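Mind having a look at this structure? Questions to follow.
We just call them A, B, C, D and E in the order they show up, numbering each chain from 1.
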Amino acid sequence: MTGGGFWTMGGYAAYVWPAYAVTTLALIALLLGALRGLRQAERELATLEGSRARRRAPSASAAGDLA
Amino acid sequence: MHRFANPARFLRIITAILPWSAGASAALLPLGLYFALIGSPPDYQQGDSVRIMYVHVPAAWMALAVYSVMAASGAVALVWRHPVAELVAQAAAPIGAVFTAMCLITGSLWGQPMWGTWWVWDARLTSVLVLLFLYLGYIALVNAFDDPTRGARAGAVLALVGLVNLPIIKFSVDWWNTLHQPASVARLGGPSIDPQMLLPLFTMAGGFAAFFVTVLILRVRAELLRRKLRVLRLAQAQG
Amino acid sequence: MTRKRRRLYLLLAGLASLAVATTLVLLALQSNLAFFYSPSEVAAQGVPEARRFRLGGLVEPDSVKRQADGVTVEFRVTDTRASLPVRYKGVLPDLFREGQGVVAEGMLQGGVFQASEVLAKHDENYMPPEVAKALKASGRWKEGEGK
Amino acid sequence: MSAFVAVLARDLRLGLRHGADLAMVVIFFVLAALLFPFGVGPEANLLARIAAGVVWVTALLAAMLSLDRLFHADYEDGSLDQLALSPAPLAVIVLAKATAHWLTTGLPLIAVAPALGLMLRLDPAGFAPLLLAMLVGTPCLSLFGAIGAALTLGARRGGALVALVVLPLVLPVLIFGVGAVEAEVTGLGAQPHLLVLGALLAAALPLAPLAAALALRQALESA
Amino acid sequence: MAKTDLDRGRHKLNQRSDPRQSFDSGSFAGAGLACVRGDRLLFRGLGFVVKPGDALVLTGPNGSGKSSLLRLMAGLLAPAAGHLTWAGRPVEANREAQRGRVRWLGHLDAVKPTLTVRETLALHGRLHGAGADPAAALDDALGALGIGALADTPGRQLSAGQRRRVALARLLVAPAPLWLLDEPTVGLDDAGFAAFGAVAAAHRAAGGAIVAATHSDLGLGDARRLTLADFAPSAAELEAAA
């Protein structure tokens, strides 16, 4: 660091910090958005497969009763 | 290779890549940030405002690179009709749009103190703005159809048509006398940037690229799951 | 056979069309298609008064004069062959200095370019101050190379 | 070649029999352009400065409006299937339809442009470059528009989507079209701008029909 | 996967048609065909052979892919798997020639409200290169479908059945060996139905072939049937594909 110190950015703090803030926020938003989409799809898939398992389950228990 | 082929192999490959790309971005981004904000010197003319370059330029590179990835996957989707290529193009578009917007915003924050204006209609800025509109048009087009395949194919054609904009962006600063300065890194005669400044630039660029791959994989995986959901629901409805 | 021949003709017509496009672009790029015009172009074309355009070039060394009011600045913009006086009232960008690139928007009035906006154009060189000093000291500095 | 002529003749005939639709595009053009004196005030200097831009932007929007005519009706009534199944290359048919579109919308727009220029107080030196630029530039609008119209066939929200897809592609036409007039009025000469417009047209002439044909095939796949 | 589909297709093919039939010259054939619309697999492992003079009727419930199979045969839709051949050569080798051999009648009539019947058919003749005397061919076509009196009537004044007749007349304006018809008799009255029967018989007698999708009887006599339900994937297969 030369010049006016870390936080003042040599007088360009009003431009440098927003630029980095925008970048950081955008990257975080991208990552969170992707993760949320993935989680949601996983959850829906789990629900669907759960309902199918339930549909199969009664017939299995009926067979068990017979035995 | 069929549309109804199981994309399991592709899923295995991207799952294997994911930890590496995630690790690379987790290592490179903080390192790049350190170099960019603390470990590199100010510019002889621009002072500390030059530090905006370390996010602005990698964002610009990614904006172009992601579009190339999108157009290439679009071409693969059209020629070989591979469903995975459609998914990759679709998943890449929003990421590219964010990088393009990031490039424009950070560029504006750099232009105000250095050039004396937030925005100017010169060839470089205008062509990057057109790139952003192409991304947005692509996203709107892909989502405008009830049949996801139709959307993906239409998007692929648009991505290919928009490819003509990339050389215009790259060479706009050489062909026209713009306010934007000419290329500093990819130019004949080597970079005109001091090595101490190239280091943070390349570290950040590497971090951005790894980050893009990571998010792309996450989004493609979500898309694959959604497709599986649709097919399962159809199967359920029929059987 | 006729199908192949027709294909060939269509292909040739397409290629010819693209060749024409390339030629036209190259022709257009020979003249200035520009964001801004240089002082010598302005002189050669005889730009009339009171027409808005952008003027670009280098700030002529030792030509910058600040008026008494503190906000009006006068300087000359040069492209080494011709130069034009510029008057501007307002805040100058940080990079505005003598010998540096500048783009001004405005119009000619009485032979003086009345600028309503002055933008600094910087070159593609980035280096720390010490390196710049060392380069200047060793005489390897190429002034105004980036234009 | 005969396929080109046949489709061109058919589309011209169809266009002329729907004369009211054509008139609507021209009326929109005139009306939209004449909103500007009310919007920005009737001061002659101000109008003169924006005249070329207003004429070009409204011409662009008018052309956008007419684009859904290009393929949509044929797609809806099955004619596009028949055209796509004729032995002629689909790109040739697209070129014919784009040509018909230009003849029925581009030419009328050019015809009324001088009147608009007068009412918007365009500098007398600007008329020739405006008309020349429109003569070269409006075919580009029809050609790029064909790509957009083909891409959006069968989409849920057609109109706005076509504009979103096509406008970024035709931005260069607008830039150089307006640039030609401004350069001429400033005394710097319209020629380089007109050359670029010519280059755009020469490049679009073979490439746009190919891209539009590709897009049409995709649209027909899911018809 | 492609290989097994293909084999299964051949197997079915041999079961349901004359075993002597192979992909011999002059015939139009498909093997191992699969079709996906959206995310939905409509059919797979489908094979067929159409020879000169043949009529093949596609049947199956709504949504089983009859229209899609016709579009696939026409080349408007690319198969997700399998291939089509004409006289033993793949149709992709020369798509333009294939388009010249096929006449298409979709479920839409492609009749413009402002064009007269004659104009509509004349365009079709010019696009497909009608024979030596296009005007005569056009008049013959109009006569065969019983719409000679409507020649100069604009499309908007035609009834649904009359429009269907115009669409059928398109098949005759420029002759081609293969007709692909999607519900050709929809909206036709008895006279129209009879006219279609006569036209179809003449086409087959001259060595032409017909593939038609329908829910009703077309009166095509000795037509063979292809039931699409036989090629529908099972629920288990659909789930496996996910």
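In this text, contacts are C-beta pairs under 8 Å (C-beta built on N, C-alpha and C of every residue); 3 or more make two chains touch, one makes a residue touch a chain.
Everything quoted here is computed from the prediction, not taken from an experiment.
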Exercise. Compute the shortest path length in steps from chain B to chain C over the network of touching chains.
Key: 1
Quiz item: Can you list every chain that touches chain A and also touches chain B?
Solution: none
Quiz item: Among the chains, which is located farthest from chain E on the basis of C-alpha centroids?
Solution: C
Quiz prompt | Whole-Å separation of chain centres (CA-atom averages), chain B against chain E | solution = 46
Practice problem: Quick one: report the Å distance separating chain C from chain E, using the average Cα coordinate of each chain. | Solution: 64
Practice problem: Would you kindly tell me how far, in whole Å, the mean C-alpha position of chain C lies from that of chain A? | Solution: 47
Quiz item: Which residue numbers or ranges of chain C touch two or more of the other chains?
Solution: 29, 32-33, 129
Exercise. For chain B, write out the residues touching at least two other chains, lowest number first.
Key: 41-42, 47, 49, 113, 147, 149, 228, 232, 236
Quiz prompt | Where chain E touches two or more other chains at once, by residue number | solution = 37-38, 78, 96-97
Exercise. Enumerate the contact residues on chain B facing chain D in the complex.
Key: 78, 126, 130, 133-134, 136-137, 140-141, 144-147, 149-150, 153-154, 157-158, 160-162, 165
Self-check item: chain C - residues contacting chain D, complex
Solution: 7, 10, 13-15, 17-18, 20-25, 27-29, 31-33, 37, 41, 45-48, 51-53
Quiz prompt | chain B - residues contacting chain E, complex | solution = 1-6, 81, 147-149, 227-228, 230-232, 234-236, 238-239
Exercise. Spell out the residues on chain E that touch chain B in their complex, using ranges where they run on.
Key: 1-2, 34, 36-41, 44, 78, 80-81, 234-236, 238-242
Quiz item: In their complex, what parts of chain D are in touch with chain B?
Solution: 147, 151-152, 154-157, 161, 164-165, 167-169, 171, 175, 211, 214-215, 218-219, 221-222
